[in-house]
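Both complexes below contain chain A, partnered by chain B and then by chain C.
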Partner chain A sequence: MQTKRMTFPGRFLPYALLAPQVIVTLIFFIWPAGQALYQSLLREDAFGLRTTFVGLENFARLFRDGAYLNSLSVTVVFAVGTTLLSMSVALLLASTVNRMIRSRSTYTTLLVWPYAIAPAIAGVLWWFIFNPSIGIVPYILDMVGYRWNHRTSGADAMTLVILAAAWKQISYNFLFFLAGLQSIPQSLIEAAAIDGASPMKRFWTIVFPLLTPTTFFLMVVNVVYAMFDTFGIIHATTQGGPAQATNTLVYKVYADGFVGLNLGSSAAQSVILMAIVVALTVVQFRFIERRVNY
Partner chain B sequence: MASITLEGLKKTYAGNVAAVKGIDLQIEDGEFVVLVGPSGCGKSTLLRMVAGLETITEGTLKIGDRVVNQLEPAERDIAMVFQNYALYPHMTVYKNLAYGLKNRGFKKDDIDKRVRLAAKMLEIEDFLERKPRKLSGGQRQRVAMGRALVREPSAFLFDEPLSNLDAKLRVQMRVEIKQLQRRLKTTSLYVTHDQLEAMTLGDRLVVLNAGQIEQVGTPMEIYARPATMFVAEFIGSPAMNMLPLDYLHTQGSSVLEHLPEGTDTLGIRPDDMRLTAPDAPHLAIDATLMLFEAAGAESHLYVNLAGSEQPTVIRTSGQPSVREGEMLRFYVTRDALHPFNSATRKRTGG
Partner chain C sequence: MVENRPWANFFAHLTLMIGVAVVVFPVYVALVASTQAPGDLLRGTLPMLPGAHGIENFTRMWQSGVSNAGAPPAGMMLWNSFVMAMAITVGKLSISLLSAFAIVYFRFRFRMFFFWLIFITLMLPVEVRIIPTFQVVADLNMLNSFAGLSIPLIASATATFLFRQFFMTIPEEMLEAARVDGAGPLKFFKDILMPLSVTNIAALFVIMFIYGWNQYLWPLLITTDPDYYTIVMGIQRMTSEENPQWHLIMAAVVMAALPPVLVILFMQRLFVKGLTETEK
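Presenting the complex of A and B:
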């Protein structure tokens, strides 16, 4: 890429122009992150009267704690489930919409709406739909002989949060997949048709491989979303229950810190989450330039 | 190998937009037919209808003895070379060539044999393991050709395959396509907007305009006896000059007697306007030289006819010693006149 070298008349101006971004980053990211790092090394007593320095004890405890390890596996199930579900539904919708000509923009507009809904509202929406006493889905499931109750069944609860979280992300994935599909030249599909490939075969041997960059990008974005951005949905539907079945890492930070008031442990958990985000970002930047590109 | 028969082929898009307005054409087995016309004349649509990429609104399309109107592209036993080559970017050249064979259930060693044979024929053996983006334009063009010929289809369809190449490569590939077709004797339908490409490649040309056939014939037939004013102006470069008969009459000449009935315009090719008087009876026209264009072996003289606004081009070989602004006299013999009627836009006198 061509970069243009700018020269400023004084030394002050460039710093002034950078300042807003630097200040925002410092106040809303670096400072809290520093606080969390510092907190994670401390232990506070139940009444907040005494604070002791404990080194890495908080971290050590976490990895000995069955509840934390459980939360880790819950998070993996949740993130993988959400990513798979939202991406496959989005890809299906995108390839269907991509075949339309005149109605394409209408469908695209409609399909983007869920993205505009706040996570908590989306949670409440699904909470109503799946409410064991008044919800429509449990009512229907009851007719086919399944007793839905996400308040007692961990599997039901997990299904519910995955559904709610995936639903919100479909719009985002849909837009990227649609853009990805539209950037595949029509003549490639036509050439494959002349080469005797059935529509399904064309999709799996031509379209899908050409979408890999998009798919990989979305995979990372979705995992990050599922791990960090779904607090509202879980809070509005299951609150981590029943019996910790939907207590993901990010929800546990809140539950332990603000409900359980174990600030040291909560801070240590957020430091671990931070490390995961950093790792995912590195993976994304490393791989998006290599391998996935054809 | 097969003939292709088009009977009253029509394509109408939604909103009653007619792109192809009834085409009758018989392409013989092994023949190389070029569809030529300006952009938007329906030539690509017509080719895509033959390929099965566009539905046929009306008419019958036969490849060999089979009516293929309703058949999928894959079932028509044709191969197509696209303008942008449409190579699969994530596959190696080898896989690009093998893809169509694999889909058709060919055996592995048969595929290998055919791919290597095609690669050898097109001199792309060294690139078989490369991906298309590592190839130059000409090499990609060869791969696209290779993909078409590995299957040994009954017909090749070409959709402006040379338009993405630079001028030098275009000439080279044009020659190669022609030689390849001569050798394989596969029925070919080739679409282009470049009249020079059309003239040099085709056994026969089909000149299309606004979704209809203007003229069908061998390149020389069309060049020597254009059936309509459109064809006359489209084929040949620089384009044929069209001079009103009334204007020429003021110059007076025995050459203008016995013209076919209805003639009111005379077409004269730039090459047929001579700067020296021939022995045969001729027409002499005075003109002012506006612009002199030297193009190496030939020169183009842009002139204004005396007493007329008609801009006219003359092509001569070599470099005549003339100056811009100078008055010139040029000569045209009887057999260089193409008589037309400007109302019907057709050639007069059959």
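Presenting the complex of A and C:
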């Protein structure tokens, strides 16, 4: 890794400058991560009196545990649903805004602010709209003959958390899609128009393929978001229920550790999650390198 | 625009207006709900037009909160959120400016080692290692304190990377000229690097402030004393009650959402810059 050609001399100063960040990192990142790794190999008995070394037993148990496998599939459904919904709405809005000339910045402003809303608050907002007794949407659904109840129906609860998570992420995807669209040379689109391609055809054969790098990048970011940043949405609304229907992996780490007090299992889950984050980060970085050369 | 199609334009505006309406709808509902009298939200469906009790609800929430639901006055929770968000923002910016400066402008032993040490933190969101981090903070006696709320969240590889990238684009001549004039490293940092970085600092400030303000799980775990509740987690305490008082909850929701939304609306350019650069 390069530095400047010319650098400052200094024997202690660089270490002093790095010290604050390195100390915080060691105490609050490296040490807890090491603890999670270590605890994932231990098991405490029911009273917390004796800890025994059990090797990879915690991991083996997890993959035999129906609740954990259920949580894995819940997470996949949730991440795919959130990513698809949020990205397709954002792409539709971004490509429409991109047609506008005078009103572009107004629409942009009106669409970006939900980024600022905390996931937990987004959850509460949608929870309120869909509240079975006083919410507006169940009232409308009731008129068409559907009885909405996210307290008893797992599918309803999943729909609710996906809506809340996707709603909050639209603004982010929108901004990146808009930036991607603006970097597509106008001449390509004009040439296709002269050849008689309709707007739909132009979009699918020229614009969409050229947006692929942005789309891939956003897919990774959205999956990471859905897996890790949506804890607040789940916790503030369904709390993983009904009957584990929205118990995502991140929520389960918390629930098993703090509520269930099963430290070994929770630590093993943490370790698996860390592995997933690392894998996703690697994918993201490798992909970005390619994006530069695009 | 390639061709002029009046109908297409009409549909484009229609699509966008529906999109904006969908995006605004939840917040509109919250605003309406926060202006209703207590009984109005128990009577079947929610009214779609604002009621007359807005000022009353907001004042009540601001001054006294919903104490039986374990939620202190919103004024205090907002202040706590503000202190936490500012501490996280300022902390993150200062430690990453310093370490990026060290990594770019010095050659020293273990430079790569430290760089990777910082890089690794990019991969470990707090939710993933929540229990051991909680144990560390509990051992350090930092539960129920602003230090505990902010310090564990200030290590940020993102900001360090961004500043490193930016410092690399500063012309070599700046440093050469400064050294010829006899400036030491700290003087160079203060009088040349900092003024050049102002826009980047401001853009990151916006992103980090929103990040800090919206923290949820961490404050939820480490504060048991209502004096340290932040607004985002305080709302959850109110909704998990048996008979949630929605008119007051929604007043609190509006108050919790307003500061970061205003930051985005008034600093939109910096926000977009910060967002696109931190994610690259």
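Keep in mind that, in the parts below, the second predicted complex is superposed on the first by the 283 of 294 C-alpha atoms of A that agree within 3 Å, B and C clash if a C-alpha of one lies under 4 Å from a C-alpha of the other, contacts with A are read in each partner's own complex, and residues count from 1 in each chain.
Everything below uses one rule, namely that contacts are C-beta pairs under 8 Å (C-beta built on N, C-alpha and C of every residue); 3 or more make two chains touch, one makes a residue touch a chain.
Just so it is clear, the structure is predicted and the values come from calculations on it, not from any experiment.
Student: Which partner does A:K201 contact after superposing on A: first (chain B), second (chain C), both, neither?
Tutor: first
Student: As a test of reading the superposition: which chain, chain B or chain C, is in touch with more residues of chain A?
Tutor: C
Student: Based on the superposed arrangement, let me know which partner A:A243 touches: chain B (first), chain C (second), both, or neither?
Tutor: Neither partner.
Student: Going by the contact rule set out at the top, does A:L263 touch chain B (first), chain C (second), both, or neither?
Tutor: It touches chain C, and chain B stays clear.
Student: According to the stated criteria, A:A33 is in contact with first (chain B), second (chain C), both, or neither; which is it?
Tutor: After superposing on A, A:A33 lies in contact with chain C but is clear of chain B.
Student: Using the touch definition from the top, say if A:E190 reaches chain B (first), chain C (second), both or neither.
Tutor: In the superposed model, A:E190 contacts both chain B and chain C.
Student: Quick check on the superposed pair: does A:P209 touch chain B, chain C, both, or neither? Answer first, second, both or neither.
Tutor: In the superposition, A:P209 touches chain B alone.
Student: Which chain A residues contact chain B in one complex and chain C in the other?
Tutor: Touching chain B in the first complex and chain C in the second, residues 190, 193 of chain A appear in both lists.
Student: Where on chain A does chain B make contact in their complex?
Tutor: Of all residues in chain A, those touching chain B are 185, 187-188, 190-197, 201, 205-206, 209-210, 212, 294.
Student: Which bits of chain A are touching chain C when the two form their complex?
Tutor: Those residues of chain A that touch chain C are 1-8, 10-11, 13-15, 17-18, 20-22, 24-33, 35-36, 39, 89, 92-93, 96-97, 99-101, 103, 107-122, 124-129, 134-136, 139, 167, 170-172, 175-176, 179, 189-190, 193, 199, 202, 217, 221, 228-229, 231-232, 235-236, 250, 253-254, 257-258, 263, 266-267, 270, 273-274, 277-278, 281, 288.
Student: Can you list the chain B residues touching chain A in their complex?
Tutor: Touching chain A: residues 51-53, 72-74, 78-80, 82-84, 86, 88-90, 99-100, 103-104, 131, 147 of chain B.
Student: Under the touch definition given earlier, write down the residues of chain C that touch chain A in their complex.
Tutor: Contacts found on chain C: 1-3, 5, 8-9, 12-13, 15-16, 19-20, 22-27, 29-30, 33, 41-42, 44-46, 48, 94-96, 98-99, 101-108, 111-112, 114-115, 117-118, 120-125, 127-133, 135-137, 140, 151-152, 154-155, 160, 168, 172, 175-176, 179, 184-185, 188, 210, 213-217, 220-221, 232-233, 235-236, 239, 246, 249-250, 253, 256-257, 260-261, 263-265, 268, 271-272, 275-276, 279-280.
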